[in-house]
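Chain nomenclature is as follows: A, B, C and D, assigned in order of appearance, with residue numbering initiated at 1 for each chain independently.
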Amino acid sequence: MKLVKINEDNCVYCHLCEVACKTEHSVSKDIIKAVKKENVLSRCTVEFNYPYSASIMCRHCDDAPCIFACQNGSMHRDERGYVVVNTQTCVGCWMCIMVCPYGVIKQGKNDDWGLSIKCDLCPDRSIPACVEACPNEALTFEEL
Amino acid sequence: MKYVIIGNSVAGINAATAIRQNDTQGEILIISDEQTRPYSRPLLPNWVIGEVSFSEERMFYRRNDFFDKNNIQTLLGQTVEKVDTKQKTVILSNKENINYDKLIIASGANAIMPKNITGIDLDGVYTLTNIKGAKKLKEDLVKINSIVIVGAGLIGTKMAYDLSKIGKKVVLVELAKRVLFPALDDYAAVLIQEQLKLSGVDIILNDSVVELDGDKTVSQVTLSSGKKILCDACLLSVGVAPNVAFVDQNIKLDRGIVVDDYLKACDDCYAAGDVASIYDIVVNVRRPIPILPLAAREGYIAGLNASGHEVKFGGGFAMNSIEIGKVGFISMGLIESDTDEVLEYKKDDKYRKFIIRDNKLIGVILVNNVEKAGMFNWMIEKKFDVSWIKDTFLNNDFGWKYFDKAFRVLRLDRKLQR
Amino acid sequence: MKRIDASNLKYNVLNDIIRRVIEEGENKIIIDGVCGQYYIGCGIAKPVEIVINGVPGNDLGAFMEGPTIIVNEDAQDGIGNTMSSGEIIIHGNAGDVLGYSMRGGSIFVKGNVGYRACIHMKAYKEDVSPTVVIGGCAGAFMGEYMAGGTLILLGLNRDKKRLTGNYLGTGMHGGAIFVRHGVDESLCSSEVLISKPDDKDMQKILTNVKKFCDLFGFDCDKIIKDEFVKITPKSKRPYGNLYIPGP
Amino acid sequence: MKWMKDVKTYTPPDFHVIRDPDRCIKCKACVEQCSFDATFYDEEEDKIWNWDAKCVGCNRCAAFCPTEAITIENRENPYRINESWGKWNVVGVKKRAAFGGAPVVSMGSDKPYIVYWDHMLINASQVTNPSIDPLREPMELKTFLGKKVDYLEIEDGKLKTVLYPQLELEIPIMFAAMSYGALNYNVIEAIGRAAVELGTYFNSGEGGLHKDHYKFEGNIIVQVASGRFGVYKEYLDVASAIEIKIGQGAKPGIGGHLPGEKVTASIAQTRMIPKGTDALSPAPHHDIYSIEDLRQLIYALKEATEYKKPIFVKIACVHNIAAIASGVAQAGADVIVLDGFKGGTGASPQVIRDNVGLPIELALASVDDRLRQEGLRGKISLVASGGIRNSMDVIKAIALGADAVYIGTATLIAIGCTMCQQCHTGKCAWGIATQDPFLSKRQNPNIATQRLVNLVNVWALEIKETLGAMGINSIESLKGNRLALRGFDLSEKEMEILGILHAGE
């Protein structure tokens, strides 16, 4: 299964993966609108602790604890085999956050309900937006 | 091969999923006394106050096509009266016998009805662990203006908050000195109590209900302190007890069904979910831990083992996630200790607490900054040596950045599987 | 042991013979009749012993790693140029630029040395540090740019001669120079500090002087009881303030 | 703003950072990329600020801004225009007066001296001696560097003469000496990999060679400079050739100076010096005061490597370069490297960089002439370096008499350098001239290698096409062929030194 490989030795802490992620997961698909109007949350998070920096996102565990913890089947494995959350049914109980061993699920909002936000490896793209945006090959899309 | 699963909820569904992954041919039958599609039990409080309805997909545990897609038979609305593990038969209350090759008991737990409260049989006394109890409460809700909730556990607390949100007068009575006693320590509980009070909930601590009075319907609650509270209804949420009435003598019981490391109760019979007494890796005892993530995993492992695998279940530990008003918290494992190393960070409504024993993390409370909680969960589960990294736990920006590079790379490259 | 007669051999021929002999596994070589051949022992990286009878030419033991070279007479310029380890023992005087840029091993000279001894000598990795002991006097610019190591100047055959020349320790930014009988401060550059050696320094001096005396037959006790001074750089960065970021 | 500016040492900013607030999405890409603190985020105000005085014009922020919200502009001279003083002279006086130090600068001189390359045109064939299509016909760029014998003796059908060691270059372009310390590990790694892939050589510079880079054996030229950093047996053995650095074009007659803060543990080990001390390269080699002394070092190195490797001697172009080069040739060097006035540097006093030396074009022509006159040119090889900016500069250099060229600045520009001239600060925002582990990550060796390979391959293609147009099918035939060049806008004297005719002649 192809995944986003995190090459921390190449990460330059530029946040462009986050920007690309926000844009890809916005309604408008417009970078400025996505950030300024839609307030989209990024699925990946860039961490920094000099000199380390890296963008961390869902590792799509084979044995995903978040799927087990989900109280109504919102967290599931899609046809590609990736762990994704059904935004229509998620109620934001944060049980997935409680068990995610990588700490990569974020708290978002979905109308009245909370919404777990996580990497869905861009189902509409052949290469995830963050990988494409990374200027230094710190994120690569490959078999892990 | 015929698999029979008693219980149509989290453990049962996951057991069926696991069996179907391994055995595409075998017959799978799920028996449940409930008539509904498997639904999300934690959402019942929301359903009661009308935030969500059964017409919405989010109310259900699996999508509508789940049984068809996985070729699972169901027998709904039937109560299991007896399990005969010698004959490998399940006897239903309508005296029908169902034979099985493998049995998985995932019958869950029911609300405890305390025997020492008089007047518990009156109308207007509710419980909220299944659809039956919830339905009753929902139907009567229009008539109820004030309600006493007995037991400030997860259900009690959430219900108290939800009911006061829709304008009911709520009194929350708790025997212990704080709300959410087993899940939170004093500091965190105060944060929750503040939220409850803000939304209008009266909290009475260190007290218990001894008597319910009323003419057919509850109208007054008497506490052991002698205090009397006028009300229209009383919700009992003092805990749950495993549903084990139907098992035979081959299946050993303590508080729940005793299982081995492979979740086996006896030959060809497995137990999973709230009904099973499993190993608590934090407090080192066997006991039922009635929480959803564990039920799901147990069900899945029981299903795997029933269909020919030998997967060990390493045990679990208590963990809770709840949001009351503006305060969201996650707690895991032990929450208080006088004898272990305790790390604490307190600032306004931010709270982080870690309990460490022998350089292993055994308990965590996170309030209002919970996104990395799962990493601690992993450390507890894996009995990870935290001596070299524990100093960073209290940082609000805790994350991968504090790990040793080699370890981090291995983990993020999925070379070190969870 | 192998004896080589170097009379009338050109340096490249002689060195080729030495290299071949070492390749064959010989670990002690005596070269007789040496008369000014350059580069003896240059670039040899084996712990062999080379004894030289006669006066070897420039760049004796340059770039070498490990050999012991014993010269029984005087030697010329560039001894131990950029050497990494090994030992050079001169039973006479040595010429200019002794131990240029050497970073390990040791050189013992019985007599005087010329100008610019131990320029840019340096130490690295804590435990790798060169040592040079000079029995006689030295010329100007001794220890220029010195970045590490130990240089001991004994001034044994002083004879009214100045112990060192001008510009002692110019640009020095590491290591230590020990001078017996003290040093004329006006000869030193402004980058150095002159102090009294502490016990640890004295121990180091004693060890090296003892070895020097064993090699050349002096009375160690007599030499060591005289006063020594220690010359060290004021800063590891002598020219740190000369420049500003431009443009 | 964080803190008020220092009024006492004020000089007007060189750049103006313009941020379009409508486009800025506060993603902080610019903030994290600026290593000079010229842009920073104020959390309380939720605002990103610019500080023009700190901007060095490296354009890292503009390059990374995903919404093109940032523009960097050169600030006009704010002082009253004075043709004889100019901004730089005023600022120069002020800075020296305020800080009490000599400004150190990097990269090649930016002063408007004449670039002779741009005053030479290349010939092409028409009708007679027809042009060649390099895409379909073989075109030889292979070059050998090293001492050549006068004549070959053949005995029994076999070569009797013992040939001198040679470097074999697939392309007459090598990567110039840039030391570990000036550049970081990742950049050297990339340059090494590119050299291997291209079949050419890279020069380690005077800072030694990291153990990890020994794997490039076969494509390494190592340098022995006055500091002798990292020079030891293995280092000499792993090299294909050894270069004695006498001088550097950007700072002829000046020593090197790697400040102590750049001497990290790894660099200290590679250079074989203590960690944190200044790495001082003396101006001269203190064992070289004459051509004879140089000869001594050349042969010491030859002895140390058993005459198996060519010895390069790199000299900076200065006024009597022809006589010096002749001496170097006679001292036994196999290859002479001429480093021109426009050559780059990691750090050089500004006045030296901008005023001392000689352009490579003139130096190369005069050295080639002199060596020819003395009958030495056929014996040794000449490498030109310092200010080679494109493939046509390579062609012109070879026509003026070089065997091959070194490229330094072009190498760095290929991998990101924007010539902001801040190498000496160690804060290179492009992750090139810095040892900061966080900044060094900005160079990904995989990407950088590819860029270098692309650059040199494209130059090679352009050279082949130009050779084809000239009707030459081997770079060898171009060497010293000054008839292929014509000058324009040059004085008679300049053309005389360059040895070329005026355009139209």
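Going forward, contacts are C-beta pairs under 8 Å (C-beta built on N, C-alpha and C of every residue); 3 or more make two chains touch, one makes a residue touch a chain.
These numbers come from a predicted model, not from an experiment.
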{"item": "Most centrally placed chain - per-chain CA mean versus overall CA mean", "value": "A"}
{"item": "Reference subunit C; chain at largest CA-centroid distance", "value": "B"}
{"item": "Comparison of A-D and C-D by number of C-beta pairs in contact, larger one", "value": "C-D"}
{"item": "Centre-to-centre distance between subunit D and subunit A (centres being mean Cα positions), rounded to whole Å", "value": "44"}
{"item": "Whole-Å gap separating subunit C and subunit D, where each centre is the average of the chain's CA atoms", "value": "36"}
{"item": "Whole-Å gap separating subunit A and subunit B, where each centre is the average of the chain's CA atoms", "value": "28"}
{"item": "Whole-Å gap between the CA centroids of subunit A and subunit C", "value": "64"}
{"item": "Per-residue overlap in subunit A, given as positions that touch at least 2 other chains", "value": "48, 53"}
{"item": "Complex interface listing, subunit A residues touching subunit B", "value": "3, 5-6, 8, 45, 47-49, 52-54, 56, 59, 61-63, 65-66, 68-69, 71-74, 88-103, 105-107, 112-114, 144"}
{"item": "Touching residues (chain side subunit B, partner subunit A) in the complex", "value": "14, 39-43, 46, 51-52, 56-63, 292-293, 296-297, 300, 319-321, 323, 328, 330, 332, 370-375, 377-378, 397, 399-402, 405, 408-409, 411-414, 417-418"}
{"item": "Partner subunit A, residues of subunit D touching it in the complex", "value": "22-23, 25-29, 32-33, 64, 66-67, 431, 436-438, 441-442, 444, 446-447"}
{"item": "Subunit D partner contacts - residues on subunit C that touch it in the complex", "value": "11-12, 15, 19, 38-39, 42-43, 45, 58-59, 62-65, 77-78, 81-82, 84, 96-97, 100-101, 103, 116, 119-120, 122-125, 128, 141, 144-145, 147-148, 171, 173-174, 236-247"}
{"item": "Contacting residues of subunit A [partner subunit D, same complex]", "value": "9-16, 18-20, 31-32, 35-36, 48, 50-51, 53, 133, 135-138"}
